[in-house]
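Both complexes shown next keep chain A, but they swap its partner, so chain B is in the first and chain C is in the second.
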Partner chain A sequence: MRRPVVAALVIVVGILLLADFLVVNESLGEIAGLVIDAVILVAAGAALAGVVSLAWRRGYDLWRRRGDPIGAILVLVGIAAMLVAGLRPGAEGAGDPAVGWLVAALLAPIAATLFGLLFVTTIVAARRSLSGGARDAVLLVAAALVTLVLLLPVGGEVGDWLAQAAGWTLAVPVAAVFRGLLLGIAILAAVFAARTLLGIGATDD
Partner chain B sequence: MTDRRHLVERGAPALLLLALALAAIVPTPSGLRLDSADTEATERWASALDGLPAEPTILVAFDPDLGTYPEIRPTVRVAIADLLAMEARLAFVSLTPEGRALLLAELQRLERLDVNSARLLDLGFVPGAEAALVSLADGPTARVRAGAIARELATEGSAAFEALLVVGGNDIGPRSWVEQYVPRVDPRPVLAITPTVLLPEIQPYLASGQLDAVFGTPRDGATYRRSAELGSLERLREAPEPPASGLLLGMAVAIAALAHGWIARVARAAGGAGREQERP
Partner chain C sequence: MPSPADLVGRLVRFVGEILGASSLRFEIGPTLAVLGILLVLLQLVARPVSRWASSDAGGLTAVGRAMALAAESGTDVVVSLGNGGLVRATDALARLQTLAALPSLSHVARAAARSGVPLRVLTSDPMAMVTAAATVEAGHETTETLERRGRSRIVYVGEGRATAAGLVLTTRAHPAAAFAVGSLREEAVLQLEGLRGGAGSLTAGTAEPAQVSSVLLAGGSIIGPGAYQVAADLRADPTERTMVMAANRLILIGVVAIVVGAALAAAGILDPAAFLAGAAAE
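For the complex of A and B:
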């Protein structure tokens, strides 16, 4: 019962948006606008629900004394700090200086630190995969070595040559592989969409 | 494993951090540079901006992510300063929470540096990803508050924007804007600044002319920053520039560590093959 409803919704909304894209009609545009606004509201609601669910889950874990209590406290304090900074009486919402400070002085540096750690952990992971002896790991590390050499920030003729080689590597082999992946994903998405439209599920295979 | 080797392995990350900090402090040797002699991206950028009318209104889609933003941040700051130097009016919008957070930090930086706030408009955060792009194509009037740009948007809708600048990240980038927004509005120059990881997916759009100019690699960004003349807005430039010596050191360490592991692996394989041959 559920599958035909979803399929019908997808078909109706899809045809409506396609018709609005192809045909200039005010009434059609207004209906399509309503649908798009509904999608935006659902997305906003889903984001809020995600935050509430996270807070509820972490609070419940803390109350039941299970999981990682320090992590749960940090998550709850983080959510509370951001809410207080933006919603306290007299605050300017997301544009409040306190919210900006939390983002610029805490959130961005913490994220940058975590990504900085990737430098060390990636090298360690690469060396471990090499010691495992897998042939694809050797190939992967060799490609990484070549890429690193091409991106060295060297000036002069050597630097120009390296920059040209790096540009060619990005534009030809890397782009070819990446576009192949994108095409594969697009074909899979099209097949999945067609199956949804036709109401074909896993049980029909 | 000996105690000495164990000590070296434990202390290596701290030593690396110390060396990187030192490299960031000491002056960069003249032989090291991030920018390149290839100025094609910079020329395309300048050509796209040259075609704009005086005091253009530009929509800036600001959706970088926290992980890759440091790669493009110096270029983004110079690009914003460059647009303000040509008397452009900038309307910022974000479609991702991370982009919104980073935009707020950037807007506060512009405020601290005494940028004329009448030239900036914050259109806020719009949830809904692709649906939000379609909604923005119909006009962002519902989210507009006050000011000259706001009045212009209220009367003209999205037609008020004479160019689009997309600061992309992992979630929403130039590809989404070209696919969802651009076909629904009148033709206008589309510029983009993205981390390198997005370059393979946006190159076809650049080649087809759907994107007018892109800074998609650190080299392109550094070349643009070197050539940008910001006049009285030089203060908006990120100072100091990312140190090339620090980058070189980090990359050299990575190359050495990976090469060592690779050589050790090849040597082990060769040793194993030799023992196989010695067996009767």
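For the complex of A and C:
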């Protein structure tokens, strides 16, 4: 009994949202807004439940002295710091300067440091792919090397020719492949979205 | 008591009033394009095409071998659903990829349940966690191995793409196999390299056009549109194949529209850009 009800709900909500996407109608917009608000509420509830579950799980692990104690302490301290910064009396919530400082001074630099590894990781990935001898990887690395040569900061007539060749490569073959890829992705995404909206097939199996 | 004709008349008037108070949000071209997608899809659902040549672009049909290795070595198998999530702050394309990754997770979950291999699913979204848990449970239900459900874990890796990459790079576990299908963006190389380094084998794919090179470098082969159609090669369900057939027809229509439109524009007869996309011709 549960599945037909869920399927019917998916189809009704899907068609409603699609109609609101295509047609401007005040009543339709209000109903669609109501549905979207309900989805946001459910998502917010799930996020809150996720945070509580995470804190509970880490706290329980710490209490039972199992798992990674340092990781558990860091997670609990992080949650507590964010909650205190945003919810203390007189705080401005997510827009509070203390929350902004925690994000700008701690999270952003940590993420930037991690992405700083990209240079090394990409070279390691290229080396490993080449040692594996995969045809795709060999072609990819060869193309990357050619691009590197084309982008060399060389002056004079040779530099002009390299710059023109780099511009042509970007504007013609790369753009053609990229646009083809985008076209395919856009069509598949549109069909997949239509399928989901109309409740065709079971996306959650 | 109103007569049936009176009732029909009122209904028609009511529908007319609603239509009168409505207008199209887009130009006629984009609206017809959206409705055309639905029409092609529904036409194929009503009359499914049975011809199909399986390709297994992602190598997911060999998941049984990975499970055998995992069972032999006593390790687990990792599935990353990418970092798009379902309700976190990101765009629709990233969310759709998380949904598109679920059939792959389902396939791996069934194989893991059958082989008694614990599954570790990585996701950065609470709603995706719930959906992944339901998918893993469905795998155990299908294979009648619900007693093994407790061994699999759904791991919330934290908010943000950097966090997911950081977790994969620093984890000490060495799974027998790793599967990463979903939205991967700036963290793609970090995450895939982290999974590739620790796992016995890696199957990777994403529909992010800018990350094709990252996936190829990691040894993956599900790129671009393939991320949406990989399920069609995994399941005998005609619905999955219908989606690919519909996409193929739409691609054909798109190619014909581009060729004919380019010819018309070159001949100076008509520029269809404004009609189709609402864009001003240069």
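In the analysis below, the second predicted complex is superposed on the first by the 130 of 205 C-alpha atoms of A that agree within 3 Å, B and C clash if a C-alpha of one lies under 4 Å from a C-alpha of the other, contacts with A are read in each partner's own complex, and residues count from 1 in each chain.
Here, a residue touches a chain if its C-beta (ideal position, glycine included) is under 8 Å from a C-beta of that chain, and two chains touch if they have at least 3 such contacts.
As the structure is a computational prediction, the values presented were derived from the model and not from experiment.
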item: Which of chain B and chain C A:94 touches, first, second, both or neither; value: first
item: First (chain B), second (chain C), both or neither touched by A:151; value: first
item: Touching partner for A:138 - first (chain B), second (chain C), both, neither; value: first
item: Touched partner set for A:123, first chain B, second chain C, both or neither; value: first
item: Contacts of A:103 with chain B and chain C, given as first, second, both or neither; value: first
item: Partner chain(s) touched by A:196 [first = chain B, second = chain C, both, neither]; value: second
item: First (chain B), second (chain C), both or neither touched by A:111; value: both
item: Common interface positions of chain A, toward chain B and toward chain C; value: 21, 39, 42-43, 47, 107, 111, 115, 126, 144, 178, 182
item: Chain A contact footprint on chain C (complex, rising order); value: 18, 21-26, 31, 34-35, 37-38, 41-42, 45, 86-87, 92-93, 96, 99-100, 102-103, 106, 126-127, 129-131, 134-135, 138-139, 156, 160, 162-163, 165-166, 169, 186-187, 189-190, 192-193, 196, 207, 209, 212-214, 216-219, 221, 223-225, 228-229, 237, 239-240, 242-243, 246-247, 250-251, 254
item: List of chain A residues in touch with chain B within their complex; value: 17, 21, 29, 33, 36-37, 39-40, 42-44, 47, 94-95, 97, 99-100, 103-104, 107-108, 111-112, 115, 119-120, 123, 126-127, 130-131, 133, 138, 141-142, 144-145, 148-149, 151-156, 159-160, 163-164, 166-167, 170-171, 174-175, 178-179, 182
item: Residue ranges of chain B in contact with chain A within the complex; value: 13, 16, 30-34, 36-38, 66-67, 69-70, 97, 100-102, 104-105, 107-109, 122, 124-129, 131-132, 134-135, 138, 183-184, 196, 199-201, 203-204, 217-219, 244, 247-248, 250-251, 253-255, 257-262, 264-265, 268-269
item: Chain A to chain C touching residues, read off their complex; value: 18, 21-28, 39, 42-43, 46-47, 49-50, 54, 107, 110-111, 114-115, 117-118, 121-122, 124-126, 128-129, 132, 134, 136-137, 140, 144, 178, 181-185, 187-196, 198, 200-201, 203-205
